[in-house]
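Structures are listed in the sections that come next.
Shared between the two complexes below is chain A, which has chain B as its partner in the first and chain C in the second.
Showing the complex of A and B:
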């Protein structure tokens, strides 16, 4: 079933979950993310963002460009805590 | 024009909790500029800490809120991941030991179950900790909750009760006539109402300005590192004694330490939340990389076993700071129909349940919570108590 299609692999969010959240009134990518956890996993939406945009495009008449209110915070790629602790300017030698 | 008995400004944990208590016998509208729970209430830890509160009124308030949590999940009919896992404050070095011994004594006297444990006992409970720590305090009364789910649960419950929620709608002005609130102007139209509740958290001063009131609330920035999912390795929340010191010092944090103090927890989905710091930087969300590495450095010193865990993102929030660490839950002195419910600093998740009840009591003018409300008035900040004539 297409409803069982996995949209966000990291957080195991199905198409059906996304559609349900849109039907509940989620009108932006951030709202969907906060409700379903789609895009919150290790890849931080790198895989599912395009799929999410397509689902929104298909199920709503919302302008996807406007509805993309996600911000991308540092770090841009996963980094170990040890490496992060050494990355700032004034870290100890 | 639309009308409402009450307009609540702000859809964070505080605004939604208030809406939940007011919805019973009124037409309530909740206006949120962005998404529900996406500002401070979606960029915070999940601790309901009791052991860290100051003796006297702050403990009393925290305990009253903690009591509401006991049945909240059932009441709201949704899983909010409320867990009574206890909490620990790590004492990193001997120099904090005396201060923390004193702290435990004082908290016990105030009726909080908290005890000092030695390094061995601390490590038995939290194996992730370093063998270099001096000890810890532990309280079985500390609990945790998922703040995202909590705000969503309140929002869902209020929708069932008939509250109208407007997302993506910014309040731009409040209309006053003869010293009374008569309407709220939003970017999408005007709502006639005689009662406005300012629950805009760190943004509450901007709302209060609309009616000519200065609020002594300042945004105190905090950052949390979020890790990939890992197997369960942290039980309950962990703070460090430095955090207690930083939290209870209200002056500007010094620049080299960035106000860093550990807060560590693990969500039910397995992500670690590694914090944090306290800085006054206005509403600037761009955190310098040095701050992130300072937080990481501090965390790995106390919990070296986290070294190879990968951080996948960070979140930044503004604690609504007041200089006595307590929220303002109060009518405005010179404007009729304007209630302030903001300024919960780093305790808004813990205090959200009681805040809804307090505001409902204030609106209903019953005397159930008079003792509490008397302590939370705006005019306790003397500078703001100047009479206009």
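Showing the complex of A and C:
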């Protein structure tokens, strides 16, 4: 029952999916993200980033709290394409 | 077209407003950005009686600071979110506006950690801070019968707020043990934590718990003999031996399933009970919101005592990216008074860098002292070891500087 909890609400990823991903060899938060899409939805992991770290910490020997291996990327908040084009930024990394 | 300012502050809570007032009063041109329609941040939700003084009414304090900001000519960009910071430094707002400054203060505060338990995504379940915003800022009851999961300084404070707002708080419970709750599901560890909370705490629940005893042996007795029906504080049953194992309801929260737990946190599943509620608040604690410091390229450290990953900062609150400063809860989770004092300190430091101060060194020294005093007199400590956390950061900074 517990394994059926939603962890990433945006992408509808269950705890069971994340644990399975680890069991299948995902050894980094990035690998879990790539496989399950957890953290890749509209909120960009604002709810589940911390939860993914905790699942990793609990189910592996990796101490993610020391590693902080999920990066943040621009845009850190949702922005419409219309407003993005208005910002006049088109060649930034 | 970019708009140029001496200083851009992101976050108009107590830290951001504190920085804006000081910098603007020394003549800096200041832009203040916040996602809410009104400045004040979480300060606006705070209401409590101070131990030896009057009531601390966050709304009023925020309104006064807002007045000051307007008188000083600070430009407010409200209902705007910052989606990026580019060197050196361009601040991008989500409506297409663009601000430019050599100095940026990140005062973005903290966000809540969820504790997932089965049913936690059902409508009617919310973070405890959301319940405070609803009750204290918008004057709307989050529910009529509310259960609270997670025992900490914030949840106990807000339980009291909800009670004052006329909500029937059916109980404060532990979460069940899982990947996310860990020590927060353990009765013995929770008693130890609760007794470390300041006895000066501004509400009767915290006061009572602060007196429970600081010795391990007393704490153990407390767990063993903790009444199975909970301890009623201010009419709210506080359960250290019961966990909410599931939140029930299809379209909306209808009930919680509560199980007795033994002293080490193991569930006694035979003792399950269904309690009807229409709202559940989960409190998993706070951690600093640091995404902008991260995209700006600031170096990070992990300091448990401050709430987790934070940007490394100097004794002048500057990060490893020159011109980017931090203040308030985004540097570590503390109360509004500390945040305000930190903001004022950063405001003074940046005014000095801008060449606006005659007696800069003296002013900065006074502002630093004010932060220390606010920290020492704090009525609620979210992390009992905050001071050692702050020292650890300075130590790490100096270590880095030597390299």
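By our rule, the second predicted complex is superposed on the first by the 84 of 93 C-alpha atoms of A that agree within 3 Å, B and C clash if a C-alpha of one lies under 4 Å from a C-alpha of the other, contacts with A are read in each partner's own complex, and residues count from 1 in each chain.
Going forward, a contact is a pair of C-beta atoms (placed from the backbone, for glycine too) under 8 Å apart; a residue touches a chain by one contact, two chains touch by 3 or more.
Everything numeric in this text was worked out from a predicted model, so none of it was measured.
Aligning the two structures on chain A places chain B and chain C side by side, free of any clash. By the touch criterion stated above, A:9 is placed in contact with chain C alone, chain B being left untouched. In the superposed model, A:87 makes contact with both chain B and chain C. Looking at the shared chain after the overlay, A:58 reaches chain C, while chain B stays out of its contact range.
When chain B and chain C are set side by side, the one touching more residues of chain A is C. In the superposed pair of complexes, A:42 makes contact with chain B only, with no contact to chain C. By the touch criterion defined above, A:28 reaches chain B but does not reach chain C. Here the apex is the CA centre of chain A, and the angle it makes with the centres of chain B and chain C after alignment on chain A is 150°, in steps of 10. Once chain A of one complex is fitted onto chain A of the other, the partner contacts of A:73 extend to both chain B and chain C. With chain A used as the common frame, chain B approaches chain C to a shortest CA-CA distance of 7 Å.
Chain A uses residues 73-75, 78-80, 82, 84, 86-89, 92 to touch chain B in one structure and chain C in the other. By the touch criterion given at the top, residues 1-2, 4-7, 9, 15, 46-47, 50-51, 54-55, 57-59, 65-66, 68, 71-80, 82-84, 86-89, 92 of chain A touch chain C in their complex.
Residues of chain A that touch chain B in their complex: 11, 25, 27-28, 30-31, 34-35, 37, 41-42, 44, 69, 73-75, 78-82, 84-92.
The touching residues of chain C, when paired with chain A in their complex, are 81-84, 86, 92, 94-98, 111, 113-114, 116-118, 120-121, 178-180, 182, 246, 287, 291-292, 294-295, 300, 302, 304, 308-309.
The part of chain B that touches chain A in the complex is made up of residues 34-38, 42, 148, 152, 167-168, 225, 227-229, 256, 269, 274, 287-294, 296-297, 299-300, 306-316.
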